[in-house]
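First chain A sits with chain B, and in the next complex the same chain sits with chain C.
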Partner chain A sequence: MLFASYEFIGFLILTFLVYYLIPRRWQWGFLLLAGYIFYALADPRYLLFILFTSASIYGCGRWLAARKAAFRERFAREKEGLDRERKKAWKAAEGKAQKRILLLGLLSNLGILAVTKYTNFAIVNVNAIRTAFGGSALPMVDLLVPMGISFYTFQSIGYLLDVYWDKISAEKNPLKFALFVSFFPQLVQGPISRFGDLSKTLCIPHAPSAEHIVPGLERILWGYFKKLVIADRMLVAVKAIIADPDTYGGAFAFAGMLFYALELYADFTGGIDITIGTAQVLGIEVTENFRRPYFSKGIKEYWKRWHITMGTWFTDYIFYPMSVSGGMQKLNKWGRKHLGDRIGKRLPVYLCSFAVWFTTGIWHGASWNFIVWGLGNFVVIMISQELEPLYDRFHKRFAVEGRTPWKIFQVVRTVLLMSLLRMFDCYRDVPLTFRMMGSMFTSFHIRDLALSSLTGLGLGAADYGILLAGTILLTLVSLAGRKGSVRARIMTFPVAAQCAVWFGLFLLVILFGYYGIGYESSQFIYNQF
Partner chain B sequence: MNDLLEILQDLHPEVDFETQENLVDEGILDSFDIVTIVTEVSDTFDIRIPAGDIIPENFNSAKAIYRLIQRCMDEE
Partner chain C sequence: MQEANGKKRKRIRALTLLSCLMAAVLILAFLTRLLEPKYMSDVVEGAMIAEYYGAEKCHDVLFIGDCELYENITPAVLWEEYGISSYIRGSAQQLIWQSYYLLEDTLRYEKPKVVVFNVLAMQYDEPQKEAYNRMSIEGIRWSPAKVRNILASETEGEHLIEYVFPLLRYHSRITQLGAEDWKYLFHRDPVTYSGYYMRVDVRPAENLPPAKPLGDYRFGDNAYAYLDKIREKCEEEGIELVLMKAPSLYPYWYEEWDEQMENYAQEHDLCYINFLDRTEEIGLDYRTDTYDAGLHLNLSGAEKLTRAVGSLLAERCGLTDRRGDPALDAIWAKRLARYHADVEAAYAALAEGK
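This part shows the complex of A and B:
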C-alpha cells in the first residue's frame, strides 16, 4: 500500500477513527494490529520476517537484562572477599557472556538482512569473476525482500545495543516491543527511531485533541503537496533523461542532476512529513529526520541535517564502537609509532569512516552505484577535513567568513556537490554515471536548457511553471522555518485565515497533484532502501 | 584535569574549555574530535571508555569528560 494512494488514505481515516473510538488502554494494541494489517496487505509472507526480528531481539534484550541484573546482585554480594584482579577477571568473563547474547541477536538479524537483500548482488559479482576466467555463471535466486527490512532491522539492533550498553531498560511487554518494531507510519522509510525516544509516547493513552490532530493533518497535507505536486511531476523529466543517456548528455545531464535533487528532496521529506504527521495525529512523537539540508554550508553539516536518524545511527552504532575498539586503539598506537603522530592519529578514524560510508552506501541498495556513492561522500568529507587548515587561512586572509555572498556560495557549492554524487542513484551503472558526469563538462550546450528543449522530456510548460512555483514555495517555507515552526505560526492566525491557508494547500494538491484517471503515484524512493 | 585540558587545547586552541558547557550541542566538537579525545584520554589515563558512554552529555564540557574519566578509572 503506497502512502500516496487512495487505499492508504482510507486506511488512515479508518485507523484514526477506531484509535480514538476504542477505550484508550487498547490504543497501542490496536496500532500493533494496524501495523500488521498494513504490512500483510503488502505481502502476508513479510509478517514472518518482522515477527522473527521482534521475537529474537525482544528475547535477547530480556536475556541480557536478566543476566545483567543477576550479575549485579551477585557481584554486590560477593565482591568484598575478592581482590582487584579477581574482580576484574570476573567482570571480563561476564562481559564476554553478555557479548555472546548480543552477537546472537545481531548476527541472526543481520544475517537475514544480508541473505534477503544482498545474495543476488554477491552472485552477480562472483559471476563476473567466474566468467572472466572462463567459468559458467551461477543462477540468480528468487528471494523475498521484506518491505522496510533495512529500517526495522536497524531500529531493532539499535534497541539491543542500547540495552547492552545500559542506556535503556529492556522492554518487558513483548507486544509493546513488537509495536516499536512495526509502528506502521515509519515502517517503510523511517525515520530510524530510538526506543528511548519513541517509547515515551507510543504506548500511553491518547485523548483526541485539536492540539495534535490539527497540526498532524496539516503536516500530512504538506507532505502530499511535496510528493504529488513536486516529486511525482519532476520524476517524469528525470526518468526521460536517465532512460536515454546517449541523447540526454551535457546540459540535459546537468538539468537531470538538479531535477533529481529536487525530486529526491520533495519525495523523501514529503514521505517523512506524512509519517510524522500521521504519528502526530495519533499523539505520538517521532524524531525529526531533516533540518533544511539544502541550506548546509558544507558536506559534514549536510549530513547532520539530511536523514538525521540514519546518520546518527551509523555514528552511534558503527563509527564510535569501531573507533574506540581495542583493535583501533592498537592501530592508533602502531600508526603513531611507525607513521608519525599526524598520520597515526588519523588512520583509525579514517578507516572507521571508510567502513561507515561503505555500509551507508550498501545499506541504500545492493549495487556498486550505491557503494561508489557512499565512498564518494567519504572522499569528499576526508578532503574537506584535510583542507580545513587551508580554509581557515583563506577565511582569515580574505575575511569572507559570515558574509552573505560567501554563505550563498557555500550553500550552492554543497547542493551541487551532493547532487553530483546523487547521480549514482540514477544511472544503470558506475561507468555510465561517470560518463554522464563528464559529459556535463565536455558537451554542455546552454540552448538545451531552453524551455523548448525541456518540454521534450514529457512535461509541458505549465508543468515547469508549477515546479518553479512549488520550488519557490518550498524554499520560502524552509527559510521561514529557520525562526521556528511555520505551522505553529500559522496557528496564531485568525481561524478563518488558517482555514484559507490549509484549504488553499488542499486545493493545490487536488488541482496540481501529478495524477489523473488511471494514474498510480510512484513509490517513495526510500521505500526501496 | 590539566592533562585533559591540554588534550582539548591541542585539538581546538581557539576554544575556552574551562567555561564551555555545550561542546557537542553547539557543534564545537564533531565525531572526529570525540574519537580523538577518547583515544588520547584512554592512552593518557590508561582506561577503556566503552562505546555506550559516547553520548553528548559526557562530552559537552571538560568537567563532564573528566567525570567520565574518573568513572572509568573507578570501574577498572
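This part shows the complex of A and C:
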C-alpha cells in the first residue's frame, strides 16, 4: 500500500476512527494489528520476517535483561568473598556470555538482511570475477526482500544494543515490543526510532484532542503537497534524463542532478511528514528526521540535518563503539608511535568514519553506486575536515564569516556538492555516473536549459511553472521554519484565516498533485531501503 | 460574565468553522463542474448518457448498446413512420455489463415494452478503456446499479472514488481549460435526438481492412453471464428482448460469432436479427450511406435501417402505432421540430462545405 494511494488514505481514516472509538486501553493493541494488516497488504509473507525480528530481538533482550539482573544480584551477594582478580574474571566471563546473546540477536537479524538484500549483489560480483577468469556465471536467486527491512532491522538492533549497554530496560510485554518494531507509519521509510523515545508515547492511552489531531492532519497534508505536487512531477524529467544518458549529457545532466536533489528532498521529507503527522494524529511522538538540510553551510552540518535518525544511528551504534573498541585503541597507539601524533591520532577516526560511510552506502542499496556514494561522502568530509585550518585562515584574512553573501555561497556549495554525489543514486552504474558528471564540464550548452528543451523531458511548461511555484513555497516555508514551527504560527491566526491556509494547501494538492490515471503512482524513494 | 463570553467565543468559532466548511464544499463543487469534460464539441459521446434524464419517459422501446445503435438508428423516424416511441441509451464502446446496468437504471424511470440490444459488445469479456468507461458511466445518476457498473468496468488504475469525486480524476485539466469549460459550466446543449447521434456527411466504404483471424471465436463467459442477466431482467419485467447486429461493415462480425448469437436466441426463444444479412433488402448503399467508410451509417443510412427495425418491431413484437395519443404527440412534436430543423441545418452546412 503506497502512502500516495487512495487505499492508504482510506486505511488511515479507518485507523483513526477505530483508534479513538475503542476503549483507550486497547489502542496500542489495535495499532499492532493495524501495523500487521498494513504490512500483510503489501505481501503476507513479509509478516514472517517482521515477526521473526520482533520475537528474536525481544527474546534476546529479555534474556540479556534476565542475565544482567541475575548477575547483579549474585555479584552483590557474593562479591565480598572474592578478590579483585576473581571479580574481574567473573565479570569478564559474564560479559562474554552477554555478548554471545547480543551476537545471536544481531547476527540472526543482520543475516536475514544480508541474505535477502545482498545475495544477488554478491553473486553479481562473484560472477564478474569468475567470468574474468573464464568461469561460468552463477545463477541469480529470486529472493523476497521484505518492505522496509533495513529500517525495522536497524531499529530493533538499536534496541538490543541499548539493552546490552544498559541504556534502557528491556520491554517486558512482547506485544508492546512488537508494536515498536511494526508501528505502521514508520515501518517502510523510517525514521529509525529509538525505543527510549518512541515507547514514551506509543503504548499509553490517548484521548482525541484537536491539539494533536489538527497539527497532525496539517503535517500529513504538507507531506502530500511535497510528494504529489513536487516530487512525483519532478520524477518524470529525472527519469527521462537517466533513462537516456546518451542523449542527455552536459546541461541536461546538470539539470537532472538538481531535479533529482529536489525530488529526493520533496519525496523523502514528504514521506516523513506523512509519517510524523500520522503518528501525531494518534497522539504519538516520532523523532524528527530533517532540519532544513538544504540550508546547511557544510557537508558535516548537512548530515546532521538530513535523515537525522539514520546519521545518529550510525554514529551511536557503529562509530562510537568502534572508536572505543580495543582494536582502535591499539591502532591509535601504533599510529602515534609510527606515524606521529597528528596522523596517528586521526587514523582510528578515519577508519571508523570509513566503516560508517561504507555501511551507510550499502544500507541504501545493494549496488556499487551506493557504496561509491557513501565513500564519496567520506572523502568529502575528510577533505573538508583536513582543510579546516586553511578555511579558518581564509575566513580571518577576508573577514567573510557570518556575512550573508558568504553564507549563501556556502549553502549553494553544499547543495551542489551533495547533489553531485547523489548522482550515484540515479545512473545505472558507477562509470556511467562519472561520465555524466564529466559531461557537465565538457559538453555544457546553456541553451539546453531553455524551456523549449526541458519540455522534451515529459513535462509541459505548466508543469515547470507548478514546480517553480512549489519550490518557492517550499523554500519560503523552510526559511520561515528557522524561527520556529510554521504550523504553530498559523495556529495563532484567526480561525477563518487558518481554514483558508489549509484549504488552500488542500486545493493545491488536489488540483496540482501528480496522481490518478495517466500519472504513474510511484513509490517513495526510501521505501526501497 | 466570563463564562458567557467564553460561550460566545465558542459559538463564533463554531459558526466560522461551519461557514468555512460550506465555502470549501462550494468551491470544490464549482471546481468539479469547471474541470469535468463538457463533451460539447469534439467528443460528444460523453454527453449522451446524461441526456436521457432530461427527456420525458414515454418509451415503448429502449435500445441499449454501442455506437452501432446511436449512430445507426433514429427514433424520430420510428415515431414518424411507425408511431413507436423509442430512446437509445447508447455510448461509445458500451460494454455488455454497462448495457445491463443501463437497463437497470432505465427501469427506475420507465418500463419499455421492448429492449433492443446490439450484440457487437459480446466480443468484450473484460473492461477495455478508461476513457470509454467514463463516457458510458459518468452521465448515469447515482444508484446501486451505477456503483456495480463502475466496479464491473474498472480498468487498472481506475477507482470508484474518482467517480464519486470527479475532481480527483480531472484535476489535471486545470492547466488545459478552454472556453467550452466556462460556457457549459452550468448547462449542456443536447447532442442527440432521443439518443441518436446525427451525421449527414458521406465517406464511402472502400478498402475495408481484411478480418483478422482469431484464436478463439467463443464469446467470453462474462459476456454470456451479462447477456443472461439482460435476458432474465427482461423476463422478470415482462419485457421482450430483441438482439440485433447493426449493418456496420467494421469492426468485422465473424460467422462464428453470428452462429453463437443464433444459437443463443434459439435456445432462449429470442428474436435475433443480423442486419448485415439484409443490407440489400434495407437498401443500404455503402457508397452513400456511411460517413466513415462503413463503420457507422450517416443519416441517410440510419433512416433506411430504422425503417427496417420499425417494421420488425411492429410485426414481430406487436407494437402498435401510438400516434394520436395526445400526450405522446405533444412530446414528439417538440422532438421532431428540433430534429427536422437540425437535419435541414446539417444538410445546408454540408452543401456549403462546412
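Keep in mind that, in the parts below, the second predicted complex is superposed on the first by the 525 of 529 C-alpha atoms of A that agree within 3 Å, B and C clash if a C-alpha of one lies under 4 Å from a C-alpha of the other, contacts with A are read in each partner's own complex, and residues count from 1 in each chain.
Here is the rule we use: a contact is a pair of C-beta atoms (placed from the backbone, for glycine too) under 8 Å apart; a residue touches a chain by one contact, two chains touch by 3 or more.
Because the structure is a prediction, the values reported are computed rather than measured.
Student: Looking at the superposed three-chain arrangement on chain A, would you call chain B and chain C a clash or a fit?
Tutor: fit
Student: Could you say whether A:165 touches chain B, chain C, both of them, or neither, answering first, second, both or neither?
Tutor: So A:165 only meets chain B here.
Student: Contacts for A:511 in the overlay, against chain B (first) and chain C (second): which applies, first, second, both or neither?
Tutor: Second partner only, chain C.
Student: Between chain B and chain C, whom does A:332 touch in the aligned arrangement: first, second, both, or neither?
Tutor: first
Student: Looking at the overlay, does A:443 come into contact with chain B only (first), chain C only (second), both, or neither?
Tutor: Neither: A:443 stays clear of chain B and chain C.
Student: Looking at chain A, does chain C or chain B touch more of its residues?
Tutor: Touching more of chain A: B.
Student: Could you read off the angle at the CA centre of chain A, spanning the centres of chain B and chain C, to the nearest 10°?
Tutor: It works out to roughly 160 degrees.
Student: Is A:495 touching anything from chain B or chain C once the two structures are fitted on A? First, second, both or neither.
Tutor: second
Student: Quick one: is A:462 in contact with chain B, with chain C, with both, or with neither? Answer first, second, both or neither.
Tutor: A:462: touches chain C, not chain B.
Student: Once the two complexes are aligned on their shared chain, state how close chain B comes to chain C by Cα atoms, in whole Å.
Tutor: Least C-alpha distance: 42 Å.
Student: Where on chain A do the contacts with chain B and the contacts with chain C coincide?
Tutor: none
Student: If you look only at chain A, which of its residues touch chain B in the complex?
Tutor: Listed in rising order, the residues of chain A that touch chain B are 88, 161-162, 164-167, 300, 304, 315-316, 319-321, 323-326, 328-329, 332-333, 345, 348-349, 352-353, 385.
Student: Please output the residues of chain B touching chain A within their complex, sorted ascending.
Tutor: 27, 30-32, 34-36, 38-39, 42-43, 48-55, 76
Student: Can you tell me which positions in chain A touch chain C when the two form their complex?
Tutor: 6, 460, 462, 466, 494-496, 499-500, 503, 507, 510-513, 515-519, 521
Student: Quick check: in the complex, which residue numbers of chain C touch chain A?
Tutor: 13, 16-17, 19-20, 24, 27, 31, 130, 157-159, 161-162, 167-169, 171-172, 174-175
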